[in-house]
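Read from first to last, the chains carry the letters A, B, C and D; within each, the first residue is number 1.
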Amino acid sequence: MSEAARSDVVVETAVKVRYAETDAQRVVYHGEYIVWFEVGRTEYCERAGYPYPRMEAEGIFITVTEVRARYRRSARYGDVVTIRTRFGELKSRGCSFFYEIVLPDGAVAAEGETHHLFLDASGRPCPAPPAIREAFRVFAGLR
Amino acid sequence: MSEAARSDVVVETAVKVRYAETDAQRVVYHGEYIVWFEVGRTEYCERAGYPYPRMEAEGIFITVTEVRARYRRSARYGDVVTIRTRFGELKSRGCSFFYEIVLPDGAVAAEGETHHLFLDASGRPCPAPPAIREAFRVFAGLR
Amino acid sequence: MSEAARSDVVVETAVKVRYAETDAQRVVYHGEYIVWFEVGRTEYCERAGYPYPRMEAEGIFITVTEVRARYRRSARYGDVVTIRTRFGELKSRGCSFFYEIVLPDGAVAAEGETHHLFLDASGRPCPAPPAIREAFRVFAGLR
Amino acid sequence: MSEAARSDVVVETAVKVRYAETDAQRVVYHGEYIVWFEVGRTEYCERAGYPYPRMEAEGIFITVTEVRARYRRSARYGDVVTIRTRFGELKSRGCSFFYEIVLPDGAVAAEGETHHLFLDASGRPCPAPPAIREAFRVFAGLR
């Protein structure tokens, strides 16, 4: 993954693997990890004091501009995996998150990152409002 | 399935099974058939001359109030299955569709039905506009 | 839903709605409830002392032969919904489950049922092994 | 995306956006593009004369080790998008593919790449069999 700056604050979310998430190789389909990244990001925003539904209610939408995932091990039906989410960079109009998906035995199944833009209600990129910036900055311990 | 009235007009749509749609039993996950019903319904509306995106653009939304599926055989990755969609009943505020999912060898993998309500832009049930009713009535050959 | 016998024992599982589960009507896509039924069923088997991965490890697979869902209200991104799962009937080669999806305000968003057959490792219907039957019978309080 | 070598041979696959693939921002959920990459890859293998189901039948499995996607524009329900797939590199034990998702108006909605390892039936990385290597090499016009 990239060597970009990232916060040391980690938010952990547990999810149990659903049968729907497996594929014919009897392991979790690689695309499902992208959904788990979203689950981790949702939890992160909540823990940072700015739940994403509240952002949308205030007219701020976060869009995904890039996603990367690297796969090392397989998760299987019934596994309780831990999504470890960290904040990356806070830019004027965007931000990034980093993720690790950890198996019950502690091994890292996958790691990844997502990059985002803030959009206003009309879908145009916009600076993140100060309250949102401040919530992330304080929670993530950014300089 | 129920013995409700249904039109004899059949719209066929072919879809190739995606790896993402399979599960750890190496066959298509049962929930994916519900998505295929939606694919068949979309094609049906288009063929009836009233594409669903046009309905939404005109402020009419169709919601699902009930879904049933009965499974007989399994579809597998790479199979090209045929979705056979028929119109059921047209009521003042709703309608229904019937479906068969047919395997490459002609066997029926699943059959099902969906029931719907028409909603206005505020999400309240409403009568289907005459133009939409007429499109379905003529195409499906309803009395 | 059908008037079939069902157990009074209820297993509750909470899931938080994922953005991936929503659709362009800004509510949860109707097909996702079928996945939640599976999540409830998985939890039920675990609580009954016979986790489904253990069944598969012992060569017993459960397949879905029928699914029904009736939708009443919409769930939205961020909602924590409760899946309430009950056992239905235990037959020689199959069983059934009943579900309610409950919104944070206590309203029922959807209810449904699934019917199942037990399969052996070669994919043929078979009687459920006594240990599995007993686990369900005792936990569900069946006569 | 990376500047890695890639073939000039392009395989195009059309898919119509499903309602199930949209999210509450009324556009296609970013994770669905990863599934479309798989759809393009499946078609590529078929056109190269080595359908992926045949590989699995011969005991060769392809796993995903890395995926990247960059998003530029949004696809919407009902859009017929074109998946443009190209072969990247053929290594002793792996390969890569590149993708573009093109909207009806010709604009690129997203581009991406996937990296893969060949696995034997026991799940261990292995060299691709000569027949598979040759199929890709000839079809993609690799040196």
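Definition applied: a residue touches a chain if its C-beta (ideal position, glycine included) is under 8 Å from a C-beta of that chain, and two chains touch if they have at least 3 such contacts.
All values derive from a computational prediction rather than experimental measurement.
Novice: Which chain's mean C-alpha position is the greatest distance from chain A's?
Specialist: It is B whose centre lies farthest from that of chain A.
Novice: Centroid of chain A to centroid of chain C, CA atoms only: how many Å?
Specialist: Distance between chain centres, rounded to whole Å: 29 Å.
Novice: As a quick test, compute the distance in whole Å between the mean CA positions of chain A and chain D.
Specialist: From the centre of chain A to the centre of chain D is 24 Å.
Novice: Any idea how many Å lie between the Cα centroids of chain C and chain D?
Specialist: Chain centres of chain C and chain D, defined by C-alpha means, are spaced 34 Å apart.
Novice: Taking each residue of chain A in turn, which ones touch at least two of the other chains?
Specialist: 19-20, 31, 35, 38, 76-77, in rising order.
Novice: Among line, ring, star, complete and other, which one matches the pattern of chain touches?
Specialist: Graph shape, chains as nodes and touching pairs as edges: complete.
Novice: Along chain D, where are the residues that touch chain B in the complex?
Specialist: 16, 18-20, 35, 38-39, 42, 51-53, 76-78
Novice: What does chain D use to touch chain C in their complex?
Specialist: Going through chain D, the ones touching chain C are 19-20, 22-24, 26-27, 29, 31, 76-77.
Novice: Okay, in this complex, where on chain D does chain A touch?
Specialist: Within the complex, chain D touches chain A at residues 25, 30-32, 34-35, 38, 61, 63-71.
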